[in-house]
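For clarity, chains are labelled A, B, C and D in written order, and residue numbers in each chain start from 1.
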């Protein structure tokens, strides 16, 4: 069965993308996948959030498990765009599937500079991360302010002609922002990043962890967002939230997503993507055999 | 250990309330609790949402289980305020703990009329439900529009002098609405109602259920809201979302809630409230014995 | 909730298990045929909500549940070992009506609740035995506890969709043959489509018809209003308190499609 | 992930269990002392993330894990029965460094990973045996597998906080006594406070000190960057790929408080 999809000018062999921040910087993806497995199963690789300067990330604890979910507060730990281009990107490109670089900036100029840095690189697209709940500035700030998003996209578009996706936060005026992204000629929306969450990690002394919630717990919430946003905008929606099985993936596709990203599942088992695609294939075959394909 | 709390003029023996819609209309609470157990453990009873006219509710399916969560789409099934006053309220009042009536209206006039209907009744307070995701009108409509909330509270205040809480939706401009409630002299905020969610209940034929998500899955999200709102407003915040254990309850109290409501846990086991209070007592005793009380 | 030790959890047929939980006689005394229990599957939170199962049989100090593995809850239940402890709530729902001159029609796992009815009826404990039991399944491998059923000395007619045992076809065909001969009250439990057909047969042959219904439950005790079945007067019945057994004429036929 | 049959899951001491999983020799060959496995606890989603455990011992075609029940994952693990199947990922992390003239210091369940080291060292498989093992626990009941440890013929010094067995007090007291006599390299695993004290002793007696660290892990393979330990140059080390064993001097002491 053919699973290839076209999202604007981006051609993917499968609708499955590895979500930002959940497969490291690609250094050791090949420890867990044969080269052919990547090409056959992974439609695109979305990199960890990359900033202009190196970021060390947040102090520990950075993780906490909640019922059927995971809170993370990594704080965009990354080596900065220059080091990334030099020491990580070549290997990622070498995996032989489309590469989308997730960009993290605090101001519009940051995003513009980051996009310019990638102009000459063999990357296929960028994903603007305006939705990270784990950083002081930037991140959620944009997601609260539709006007700034509109300006952001316009400015980045001046330097970046290739595929451009915006990764939305699931909180705030999300429908308004989705519509603004469409108006400003974003090529696709990624719905969505993690949900602002809090866990009490110690009662005495009282200690909390604030971060973003991902995983199966939030699937019903993001599925709803995808369904509603796909009904509101005409640009492709890429679903992302709590996909653990082929059935989850199929649900996103049926609810209007053109493609989907897998995040937390990679942390449970680095080879989850293979299983998810296999389950999705089996599912579709099963449905087709019953009568008409869905 | 004394657990009594005072929320404005409302005196509660314990900080635990049974949340709206999760203990029926009180007809058979006494099947599961001895009269003394109710008085000792339950600080207040918050009734099912009551509307002016009878509402039959939504067609089935009304429920769907998700990972560590429950989606419901009941649609405020209730007998209407007149029938409620006559055939249900007396029994509820008879349980001997403070009674808060959850009011559901589509327009401001509805809420005013409902509050007027209760003026002469022996109820201790009302909770304005401006956050039900399962109804066409009203419900979430108010929660998207801070101005209408301000008007709503002002109008209801004309006819209602006793305890008045507003039950917020966890989505939309929730911080803005919280501040408006404070300004308009609401006595307390209930944070929060269920999260708009969607489940695919059948793939072929494709069938979905849209409703509100509750239960442990959403606890990290509502805990975060309570923490932030309690830091923003001075009126008491009543936490509500995913409380299943005494530890969950304690976390809400430590994050700034003055009291808490238990919903989905009542559906898992009708006697959950007793267990939760017992666990909370044990916890506090344990903490106190270590050194100073928390 | 009550706690009880699992004394048996045994595969009986393809995907069908028999579970026995030790329960004090005091509690067992309150159990009636037609009622159900809500069983907490594990201590963790997935699955979150206890699942409902009919009381299949009662034996000294053990209650039996006959269940089919269909999803994560029943899968997890099937992995529980003898000696472990389970929590349950019940008895819930209304008992079967007390009928005379009636037949039972069961489709698949719908047979589960009738075991207890037969146990009581044979001992003449406030229930009468049915005149006949009609029991259909997809295939021979899914017919369960036939010797148990037959032990009551009531005639059991069998059908399988594939003809691997008994009549080849739907059990409702056999029921219709019976009604054509002599109208009798029907008490039926099984898949939606079977119940729909039974309702139609009841109307055609003008016999009182009772259907044991199913829907996803949360509380099981009237707290959540989640378990509704549409009635013909555009009203809603609540399965966990008004049912699970309903007069067929009360239920909106649209529910079955 | 690999799948393996559980051949043993036995209580060894208060809250401490020994789990054996059948694994092909091919896979076992890749296991090294100091490395760990990530074990998927069940098929459902609570707990969601597989939990990390040191390789405690290896025996023909079985890998052993020694674990303490501290939360819902380990509780669920302790309920798994012989004959069931478990999935795991590994070996993960870096092996212990290859030391000579060193002592081992273990606090509580921190002893787990050293069993495999001793097995290899005794067979002279690329590791040297320690000169002494210092092993402390809260109380006698929490000291585990002493006969297993002693079977290697290396002297084991014991302490308990309550004096119910061995020296009464902290194990680090015994370690300091040893160091005072003659400085030796330390390899230590245990609670944070013990590790802090060991780091201080290492500095005081100017001996190279290795600490086996712990933190909540998600991926275990360098994907999430969630498992950081602050290093002294205001940098972060990643436990699952740079560790779990670190040179004490690399780690920011603030982490221990």
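Descriptive notes on the structure:
What we mean here is this: contacts are C-beta pairs under 8 Å (C-beta built on N, C-alpha and C of every residue); 3 or more make two chains touch, one makes a residue touch a chain.
Note that the structure is a prediction, hence the values are computed from the model and not measured.
Separation of chain B from chain C in touch steps, taking the shortest path, is 1. Interface comparison, A-D versus B-D: the higher count of C-beta contacts falls to A-D.
Centre-to-centre spacing of chain A and chain D amounts to 36 Å, using the average Cα coordinate of each chain.
Chain centres here are Cα means. That of chain A falls 47 Å from that of chain C. Looking at chain C, residues 45-47 sit in touch with two or more other chains.
Counting partner chains per residue, chain B has residues 67-69, 215-216 touching two or more of them.
Contacts between chains leave no pair untouched here, as each chain touches all the others. By the touch rule above, chain D contacts chain A in their complex via residues 1, 40, 45-50, 89, 215-219, 221-230, 234-236, 255.
Those residues of chain A whose C-beta lies close enough to touch chain D in the complex are 21-24, 27-28, 31-32, 48, 56-57, 59-65, 67-70, 72, 74, 77, 215-216, 244, 264, 266-271. Contacts from chain B toward chain A in the complex involve residues 66-69, 71, 171, 173, 195-200, 203-204, 206, 208, 210, 213, 215-221, 223-224, 227, 242, 247, 250-251, 254-255, 283, 287, 290, 294.
For chain A in complex with chain C, the touching residues are 67-68.
Contacts from chain D toward chain C in the complex involve residues 43-47, 72, 75-76, 79, 81, 84.
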